[in-house]
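As structure tokens, here come the structures.
Each of the next two complexes has chain A plus one other chain: chain B in the first, chain C in the second.
Moving on to the complex of A and B:
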């Protein structure tokens, strides 16, 4: 059974935070800020719970069940415990811990991002195979068009008034499109927020 | 925020509340049943779910990396609603759905949602601790962890729905390479562009928010879609009206 108490607490807290956003009364602001501080602490605890589940509930379980490719699970578990223990002993701002981030995590992530460029270039080449419709063609042509426009090929256009206007107009097109999409997303966010506030959606109360 | 902006914001929220409540009423819905345009990707998602249940293959739902503390958290709630509905729809499958996320609180909520869906369908004994997992805490570690699930040979449908960055291209590309059904939707513009190029069933813009409503999750989801449509028309009229008034020099 879904608890009406949880729904009421969620509605009450949500209404206070929302009211604190619109009404500039100082008591409301301080309550809102305290609630948001609690949320940050709770989210931190939830993060720790989820990480422990990743280590014990996912990777140790994989090793115990002798799943294929358990080497990755061993790597996750050993690395987690080394970094966790070192983090607890030295603190997250210690230079040695920072070195792990600077010399291990950043380079690995940077190389993954570099590989992503190649993956996406290959995917773009296959775009017309996958999206064989007029939207796919428009997407492909506009990708090429804006690649050319933003590459600086038209840098001489500042001397030609008509071309300068056309290039400037071309630069505005993606901004307009992005705003249209973002307005739709904003309306979706508003409706979702309201649905949760009035208790029609209860992800916290299953 | 100025007084005018605050008042306007409050009015918009109250109007949205009123519209959702009125449009959810049984009597209103009986008189004016909601009719939505068809989104082929969601129709194909239903078919993929049916196939997955019949064949006993798995479904992977990746709900992204947005923290509940960020402004993009509303899309997180849409993802959880979608996860619940998909878990309900695939309840009779031999393979319960697996969810991956890139945020701790979202991972805990996703486990809660999966347990609730399993309890509703009396399949709680099939739920395991790795069905709702945090696959990584940074964008790229999240993708690297989720790739492990995408590449599982038992997974034949990947639903990527939520807040992603361009790195999610790895997930959609891997899914396509495995010949799995791939539906991808995001509230981030860069991820939408990447998904359009790499996924066979991308959703664009606010279609992300339409998924629970189209899967007939609840009357409130469908009425909120209708509310979004009404607000969109009002916004479009206000923008066109404002442009005309600006052109004639009134404002």
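Moving on to the complex of A and C:
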């Protein structure tokens, strides 16, 4: 795909979609909507291709090559085909398919998050053992402070005006930092978009 | 068979050998064993041939030998004489008008005169001139100046200044009083000699011998031969008288040395003579020469001593080495302090000067003092064993052989330098710390993709932390369910969300976007439950979709749970499920631009817009509100950036996790988001506002307890890390 045609197509499509935002002409809007629909379809197909590659390109290949620990590959393939066939037959809104998500996927992912919470708690216990410098101490103090603030122990602060003001200010501190991050992300996204449009970056040209 | 016996090592040699084959000593004078007298004849016959090859000094010795053989055999043997240099007395100058035949220089010693031998006329005249000169010399005492200053250099310069006029006067009165042999000796004298070493008469003779003219010198060999021939012809000639005059002349030039100067640091040229040589030295030139003492046995001893002396080449090396030796600072630390050298004891001086009676301490001549200066400033040299001092073993008598018994003293053991690293205790601790850090995370293992194995202690700590968290959660839920510190003041974003939902009409459906994963569906479910129940209570039609494949199914489960509390709300008739919306942010842009195109079908694959609930909806602005349930700040940002501009004024409400809330609250501050319910605290606040206790309030007590426990763990861990040093913490 390292051809000027790909770069031209990318530039042309991007220019049309961008112009559709600023020019309220119906032909441009129609073209932009059609292109976005194609994109959504292509994204869905890309997901399907990824699933097929996972099943046939990875796990079936492992079984064929008699790689070690092929039992997990067998489990993935069997589960995939059962759910896929069940979903095609019963539909995604069938209670049986809903139970697959509710009683299988949800507990698994929730358990992983619980383990992550314990790991983070243990990591925070050894916070200053690795980072015994100025920034480490600042991070240590801020962590304790916001844990206390968000735990709700200052619920009585409504009766103390000064404390209430301080707690409100403490709640606003993360917002100020996040706003700066968001502004940086927006400027970065804009710069990245412009570079793609002018052909400086070609992520599609692999 | 004839052979020669070496006088040094007593070994036999060939009769025609000039030197001992073993020790290289001279054998010419030794008689041939087995054929007496034959050697002499052979020597005489071979003399003309060999004479050109032999050195000059040997030729002179042979001449003495010839003179000796001409003397009568009844002469008394004279013991060997060794004279100190310090004892040299000033001698009367030799008359210049009657120059004596040249006497071999260095032939010092007491010279006896044979009885019955008449002296020539010029010698008797010379004796008459010598006697008044001796009396004058004895009566002469150089002025002694007592200098308080300890600097010997100043004293030396003062002494020289006072002495110079006298010397100049003497030179005027008696011009050119220095004998020729002494002038040569002064010009060729080695600059220094190690302090404290004694100069014997043999050494002195050997030194003088080196100053004799060599083959290429100006003194022709023919003159010497003529003198020897004259001596042979004139048997009455005795050069001992002339030598005596030379000695007296030398004694005149040496001024007496003052004792005070010696104590102040002047060390006389310490000459230690062996005891056996002290007795003969008592025969001073002042004594009347007895005719019985006239003997030339000293010549044999001289030959023996000449044989013992090292070769002249070796003698000449010593001054060069001493001259090239670096001089140490004068006042520096010297291993050998010349000023502390013992002065010649009185007994020794009396012993050596016995018979003199009026012997005085001699003063060093200028040339000797110059030598002394160099000696005093030169660094001390370790005592070296004398060459040719081997007296035992197979190397006995061989010159230059090293004595094995003195080798351990000559060579010392070299210092041993170890290559072990000398580190302090602090450096060792730091090295151990660095080693532990490297071992804890092996970079090679990480680079190779190996799974790092946690230490048993770390694994135990993780288990303990997990058990503690679970214990706290279950203890609160079992012992005091629903007990929590609920906020009295509600967050404004939550209150606004409640107000917006409370203002919704039942004619317009509300679009609910479930963009969250199954892992965080618990927190999102607790947080959004009150809001969804509020919508159900308001009997608002609900149309929900998800940009996450599992979101739609999870949302269905949440609605089912909420419907348990709000039984009046019919899910089958009041909800529309669009299912999964693929495409991410692009799909959201499509949704914002054309909702019917983006969501053509329901999750049951039925035409979505044929549903009665969606008949009046052609765009997003036709919905009553947009509620986004998300656990990801980026997903919430997409909704704000892509969809919010197309909402057309309908409220946007965010239900988010506590983790992503800080990133989405700025949109609430800017007005792009109209209401936010963030985390379990927000859900509890909403429940309190709604006055409908739910799961968020029930679990909020356990959540608060868990936060306090984690906070205590972090605090304890941080204090331990700050207080305890690294080494103790590692060992613990």
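Rule of thumb we're sticking to: the second predicted complex is superposed on the first by the 196 of 206 C-alpha atoms of A that agree within 3 Å, B and C clash if a C-alpha of one lies under 4 Å from a C-alpha of the other, contacts with A are read in each partner's own complex, and residues count from 1 in each chain.
In this section, a residue touches a chain if its C-beta (ideal position, glycine included) is under 8 Å from a C-beta of that chain, and two chains touch if they have at least 3 such contacts.
Predicted model only: the values in this text are computed from it and were never measured.
Enquirer: Once the structures are superposed on A, label A:50 by its partner contacts, choosing first (chain B), second (chain C), both or neither.
Expert: A:50 sits against chain B, while chain C stays out of touch.
Enquirer: What is the contact status of A:200 with respect to chain B (first) and chain C (second): first, second, both, or neither?
Expert: The answer is first: A:200 touches chain B but not chain C.
Enquirer: For A:23, decide between first (touching chain B), second (touching chain C), both and neither.
Expert: First partner only, chain B.
Enquirer: I'd like to know which partner A:188 touches here: chain B for first, chain C for second, both or neither.
Expert: Only chain B is touched by A:188; chain C is not.
Enquirer: Between chain B (first) and chain C (second), which, if any, makes contact with A:75: first, second, both or neither?
Expert: A:75 sits against neither chain B nor chain C.
Enquirer: Once chain A of both complexes is superposed, is A:138 in touch with chain B (first), chain C (second), both, or neither?
Expert: neither
Enquirer: Quick one: is A:160 in contact with chain B, with chain C, with both, or with neither? Answer first, second, both or neither.
Expert: Neither partner.
Enquirer: Which partner does A:58 reach: the first (chain B), the second (chain C), both, or neither?
Expert: In the superposition, A:58 touches chain B alone.
Enquirer: On chain A, what residues does chain B touch that chain C touches as well?
Expert: 39-40, 43-44, 47, 105, 108-109, 112-113, 119, 124, 127, 178, 181-182, 185
Enquirer: Once bound in the complex, which stretches of chain C touch chain A?
Expert: Residue list for chain C touching chain A: 461-462, 465-466, 469, 484-489, 491, 517-522, 550, 552-554, 556-557, 577, 579-584, 586-587, 589-590, 593-594, 597-598, 603-605, 637, 658, 662-663, 665-666, 669, 679, 681, 700, 704, 707-708, 710-711, 713-718, 721-722, 729.
Enquirer: Along chain B, where are the residues that touch chain A in the complex?
Expert: It is residues 1, 6-7, 9-10, 12-13, 16-17, 20-21, 24, 67-69, 71-72, 74-75, 77-78, 80-81, 84, 103-105, 107-109, 111-113, 115-117, 128-130, 133-135, 137-138, 140-141, 143-145, 148, 166-167, 169-170, 173, 176, 187, 189, 192, 194, 196-198, 200, 204-206, 208-210, 218, 220-221, 224-225, 227-228, 231-232, 235 of chain B that touch chain A.
Enquirer: Can you list the residues on chain A that touch chain B in the complex?
Expert: Residues 18, 21-24, 39-40, 42-44, 46-51, 53-54, 56-58, 61-62, 72, 105, 108-109, 112-113, 116, 119-120, 123-124, 127, 130-131, 139, 178, 180-185, 187-198, 200-201, 203-204, 206 of chain A touch chain B in their complex.
Enquirer: Name, in rising order, each residue of chain A that touches chain C in their complex.
Expert: Those residues of chain A that touch chain C are 29, 32-33, 36-37, 39-40, 43-44, 47, 91-93, 97-98, 100-102, 105-106, 108-110, 112-113, 117-119, 121-122, 124-129, 132, 140, 143-144, 147-148, 150-153, 155-159, 164, 171, 174-175, 177-179, 181-182, 185.
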